[in-house]
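Some structures to go through are shown next.
In what follows, chain A forms one complex with chain B and a second complex with chain C.
This part shows the complex of A and B:
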């Protein structure tokens, strides 16, 4: 029976990245994927003829440029394209337009508040400063502050140097920043509610926190620390949909001799004598490997595909208690034409990018309250984007596809389980909110896919449909991710590793988790490192 | 209010100017051969991505256009340029170079063979004087300078063929790279060539000035669902560099405008060996080029992939990290958004091409000046070569969802 050097469970983007780097180092790798398509949550799917939905993740900004370049993903077909224009809808016809040109952006802010227009320069500088520190940690393995081996001390010193370089005042500010709520953070800069709520919405996307919850300021940073070709805070689209990222990674993996098997769901990870030795598929097939890498989230890995008796004490509980809250929904819509929005200037640089519906700080908090009570808000937060206005390959000419991300959507409803009727009602709530700002929008709808946390968990395998594979709160970040003592991608079973977003640096299509895990694995196997050590792009 | 006549001070508008001005939100113009040309319209990166992802138009009306006709036309051009014009079929376009007797490059351009006895020569700098010299000894030909009387527009990018199909140019998808074809357009004949300066799929239109706006409007009506947008000089420079194309004023200094001895270049120095055809009889610069081809060029234009992301524009190239011996200089350098690499063209002394190459890159961070030394890797193929650019009918590289 063939024995692989490594089996990677889950062909999401981190699993494919991990496999590509292991294969590049000469390992014989196999990726097993439960679905009949690859990509996990970075997928392009033709669910309606002629329309390519990125039906999970839909934009990209923290894909590590160093990895993109090193794996030559462009040659493997990946093109990341920036899009322009954001409109934030408030109430009563109020809106805030995010112009691409700095002079227009400034004038638009000034229209709301002269004070806030000035303050925007200050917050951008502060966020940039915070982002630069975090970005330096993305392609590094976190130190273990308790074990303190030489490399842990070196990494702690590295972190300390980054902080010291900020200067005394900013160190205090930064430490405080991590525990602030988005609202408290923004209150220190702005007086206008719509400006605050427009920015605060980045603090709640994908998370079970509200704008007033401590820790939501970090989520805000997590969403603005990415970049497109060095423009920090900018977001891009993958040409051909997010699946183009997975496709390019797959192509890179194949070029190194790696292999992916779809329709191959893992029943359990085999453990013998405290070592992982392979996997058993749901088909009953057993596949042997020298190491096993799980790209599944921490809870799914330890509570679904492992035998509790194979685990050391405490791990099962840690995994069971790992914080996941399904809080996001997704509505993907095929449109017969480009929607038009009332009160907006007829300007292609602003009205065909993204439309964001923060409403107000209160609207955002009320939506969170509803979620806590197992309902969705009648006035949900929506982030819409029309990729087809930028990417000619995802809808027929003149037709469009619109991605709508909704915060919040409960994983479990107070009045009993999700049903197709309730899912439909949820979709209608979203469509109604858009229709308010775009009369006639509903008439453009040709096809619609509504996804609650339930569908995302069933199809993609993300527990509770949590897009980050676990909350990005400080208790689950850096050396605490996924669990204290296990942040260096090695799991308590020998020859078993994790490489998904449950590990540092967390959620988002970054490929960093998979790459960092590969570096650790190669170190354990005494193989030369094939993974870029550092992101050299922030000098 | 100013009280003098400024009209002569301004660059002239091209036939497309009224539409270009509408798009030129930032209001900045540079000039090319006396005509207005936008550096960018809204944002250079946006325009660059239009060409790589959808399509864009570039006004090339300021390009010099000479019509050479008569029984001696072929022989004259064949003596002037370094490639073999006699091998060109009617309806084909060829990229050409012409040199001084010393084998120094005067300019590059394209020859369009319109019929057995009629050619169009295009180039970026005015060449009337050199053409007259080149005609010496050939009596049976006429040269007509149509630089100011023929408008031209380039449409480039993966959706450009679809736009032209939508516009009603029947059979456009069968036009091969470097082919010329005429299409019926609003009661006239529209000359289209599958050419361009971006390395991507693209076409160029050669029209009477009074047809220019009608062509523009037809293109933009057909292209509205295909992401059409004008692009300016800045995007053009990124695009051509990714494709590995040389540009006068960057990679070469035109020989006739060069003051200092051998501060101009030869085709071999520019890596354009394949453009020099010694199999044909005498042509301008043949003897000097033959000698150089035996000796080997002193410099070689080299494609570099440079570590890090700081563009190396203007950097010196050294043969060690210590930067003790300078062996060349960067002629053009950018961060390539599609390749995700720091790319450059550099003129490097041939004898140092086999060793290590390091670029000393100056950059700035919030007004403070920095310098770094970055390792360079030589690339032998263009940085960006989408396969749809060469296919007939053209496909789209990343349009396949599977």
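This part shows the complex of A and C:
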């Protein structure tokens, strides 16, 4: 029977990245995937004839450019196209357009408040500075402050140096930034509620925190630290949908001789004598391998596909305590034409970016309160995007497809489990909210797919439908991710690793987790490192 | 000519501790207090004919060192080393009592779970305890004291052992909700234990980052804890007077006067409401930072960046105080001995929901309360056979949506009484008189900005070398000769006397 060098469980973008780097180092690699398609949450699927749905993740920004270049993903067919603008809808016809051109953006802000237009320069500069420190850690393995081997000390010193280089004042401001709520942070810059809520909305995406919850300002950063083609903070689409990223990674993997098997769900990880030796598929087939890498989230890995008796004491409990709070929903819609929005100029820029519905700071926070009570808000936060407005490959000519991301959507409802009926109602809430700003929108709908955390968990395998494979709060970041003592991608079982978003640096289509894990694995196998260093934008 | 070495603004417990230490160090000290009595927020006063009460319900972790140094035992303060009982009340009489770290009223399994929880938290609290009682140097200066502090912290962390050290980094920023869920199952027990991490600051069980550190600060071990705030204040006063500290009450300072000095501005003295000017070498303020810098000193004496940092301190109080004069001991369903701190919050969600209303400037439908009956331990507070009930009501916003008016106060009183009545039927009939103090009242009466007991939220970004803000966190301020010694400085609020102690040490060195 064939024995692989490495088996990677789950063909999400991190799994494929991990496999690609292992294969590049000459390992004989197999990726097993339970679905009949690859990509995990980065997919392009034809769910309605002629329409390509990116029905989970929908935009691309924190994909590490160093990896993109190194794996030559462009040659493998990946093409990123930047956003041109966004529009944020407030209440009562109020709106704020985020133009790509800095002059237009300034004038638009000035329409609301001269003070805030000037403050935007300050906050952008501050956020970029804060993001820089984080960005430098993305493609590095976090140190273990309790172990203190030479490498841990080196990495700790690296971190300390980054902070010390900021200088006294900046260190304090940085600590503040990390611990503040998005609302408190933004209050220090802006006076206009719509500008604050437009900014704050990126501090709540995918997370079970409100804009008034301490710590939400960090997540705000998580959404501005990306770049498209070196344009820091920019957002873009993958031409052909998010599946194009997975396809390019798959193609890169194949070019190194790696292999992916779909329809191959793992029943359990085989452990013999404290070592991982392979996997058993639900079909009963056993596949042997020297190492096993799980791209599943931490709880799923340890509580679903491993035997509690194989684990050292305490690990099962740690996995149970690892926090997921499913809080996001998705509504994907096929449209007969481009929607028009009231009070907005008929401007192509508006449709080539996202339409965001923050409402106001209170609207955002009240939506969070509803989530705490186990229901969804009647006025939810929505981020819509119509990729077909500038990517002709995802919908037939003249027709369009629209992705709507909704915060907050509870994983469990107070009045019992999700049913198709409740799912439909949830979808209608979203459609009604858009209809308010775009009369006639409902009539354009040809097909609609509603995904609550329940569907995301069932299909993609993300526990509670949490898009980051675990909350991005300080207690689950850096050397605490997924849990203290196991943040260096090695798991408590020998020859077993993790490479998903449950590991440092966390969620988002970044490929960084997979690449970092590959570097550690190759180190353990005494193979030459194939993972590149990250770009530095310092000087 | 200056008659005094040091003028201390405010005769709260921190001001008095600071005065005691400075006098002990040989200084001539004058304490100026705006109100008619000493004690500040910890002063006892008559709120209804024959009934007295005090805002501070209990003495926090008051260090033995201060009790010893200032001879407080001689002046009538007897240190107690056991925290008052903590009792979770249930309307049906199934109470939980935590007395001397032993739980009663829960299952064996829950008791064991609690033991695991408290072992960990006690280790963390003990590790941090030494850092509260000293000045923490600023970071980023590469100074020796900075390095030593970090080395000490690192060593202390390492001594916890690998597993606990790692746990510390994870647990320290957890929301109370998650922390309690990890260990415990009883909803009432969770609410009771999370209480000290939440009260006073702007946070609820689901708010991350700040509540564990507040809990650890408040449970710093091996120090005096007692319900007798009154005897502490009188002991502090007497101890100071014995060292010939001069205390002037009803002397409201309106202005801290400055003159150009060798390195920027330096203090000259203070001006009182009646126009009198008193000179001294230095001025130590136990008032909150906003009052000190913006009202008494004035923004014109400070750099704009510093002023901005003072202005952004989060110090909007969320706690109201209710005092009831009762014609007898209230009887809580199923509770024989109501001495201790009683928590009236069914579960963590009810605390969270009470907070949700406050976020939007509304009053909670169902307030959550912490009550004590101080007259049980101090019979002098009420006529014989009668009692005082003191309650902290959460969460009541400083800025109510339509402003605090009589109707709003009535509504809050009624809602709080409804909650109390559901635990102690018949309580309403026993009430002889009451006093309700909203954050706005606290601000007006005790001159604390925002009516905040802690002079600013206990939050990670407002603690240690960032309390109240960098540039003033080592008790010195940008003005030469002006020092801080109040709860707005490291380590923070509660009746601990530590900021006063640390400030005095800093001044004397």
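As a convention for this text, the second predicted complex is superposed on the first by the 533 of 539 C-alpha atoms of A that agree within 3 Å, B and C clash if a C-alpha of one lies under 4 Å from a C-alpha of the other, contacts with A are read in each partner's own complex, and residues count from 1 in each chain.
Please note the rule applied: a residue touches a chain if its C-beta (ideal position, glycine included) is under 8 Å from a C-beta of that chain, and two chains touch if they have at least 3 such contacts.
Note that the structure is a prediction, hence the values are computed from the model and not measured.
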{"item": "Partners on chain A (chain B, chain C) - clash or fit", "value": "fit"}
{"item": "First (chain B), second (chain C), both or neither touched by A:397", "value": "first"}
{"item": "Contacts of A:485 with chain B and chain C, given as first, second, both or neither", "value": "second"}
{"item": "Touched partner set for A:44, first chain B, second chain C, both or neither", "value": "first"}
{"item": "Contacts of A:188 with chain B and chain C, given as first, second, both or neither", "value": "second"}
{"item": "After the two structures are overlaid on chain A, angle v-u-w for chain B, chain A, chain C in degrees (C-alpha centres, nearest 10)", "value": "130"}
{"item": "Touching partner for A:239 - first (chain B), second (chain C), both, neither", "value": "first"}
{"item": "First (chain B), second (chain C), both or neither touched by A:77", "value": "first"}
{"item": "Closest Cα approach, chain C to chain B, once both complexes are overlaid on chain A (Å)", "value": "23"}
{"item": "Residues of chain A at both interfaces, chain B in one complex, chain C in the other", "value": "none"}
{"item": "Complex contacts: residues of chain A adjacent to chain B", "value": "44-46, 52, 65, 68-69, 73-74, 77-82, 84, 100-101, 228-230, 239-241, 243-244, 247, 349, 390-393, 397-398, 536-537, 539"}
{"item": "Touch list for chain B against partner chain A, complex", "value": "25-26, 42-43, 45-46, 49, 52-54, 158-159, 162, 166, 225-227, 307-310, 335, 337-341, 365, 370, 372, 384, 396-402"}
{"item": "Residues of chain C that touch chain A when the two form their complex", "value": "138-142, 157-158, 162-163, 165-167, 169-174, 178, 182, 203, 206-210, 312, 314, 349, 352, 356, 359-360, 459-461, 465-466, 470"}
{"item": "Contact set on chain A toward chain C in their complex", "value": "144-147, 164, 166-169, 171-172, 175-176, 178-180, 184, 188, 209, 212-215, 321, 323, 362, 365-366, 369, 372, 473-476, 479-480, 483-485"}
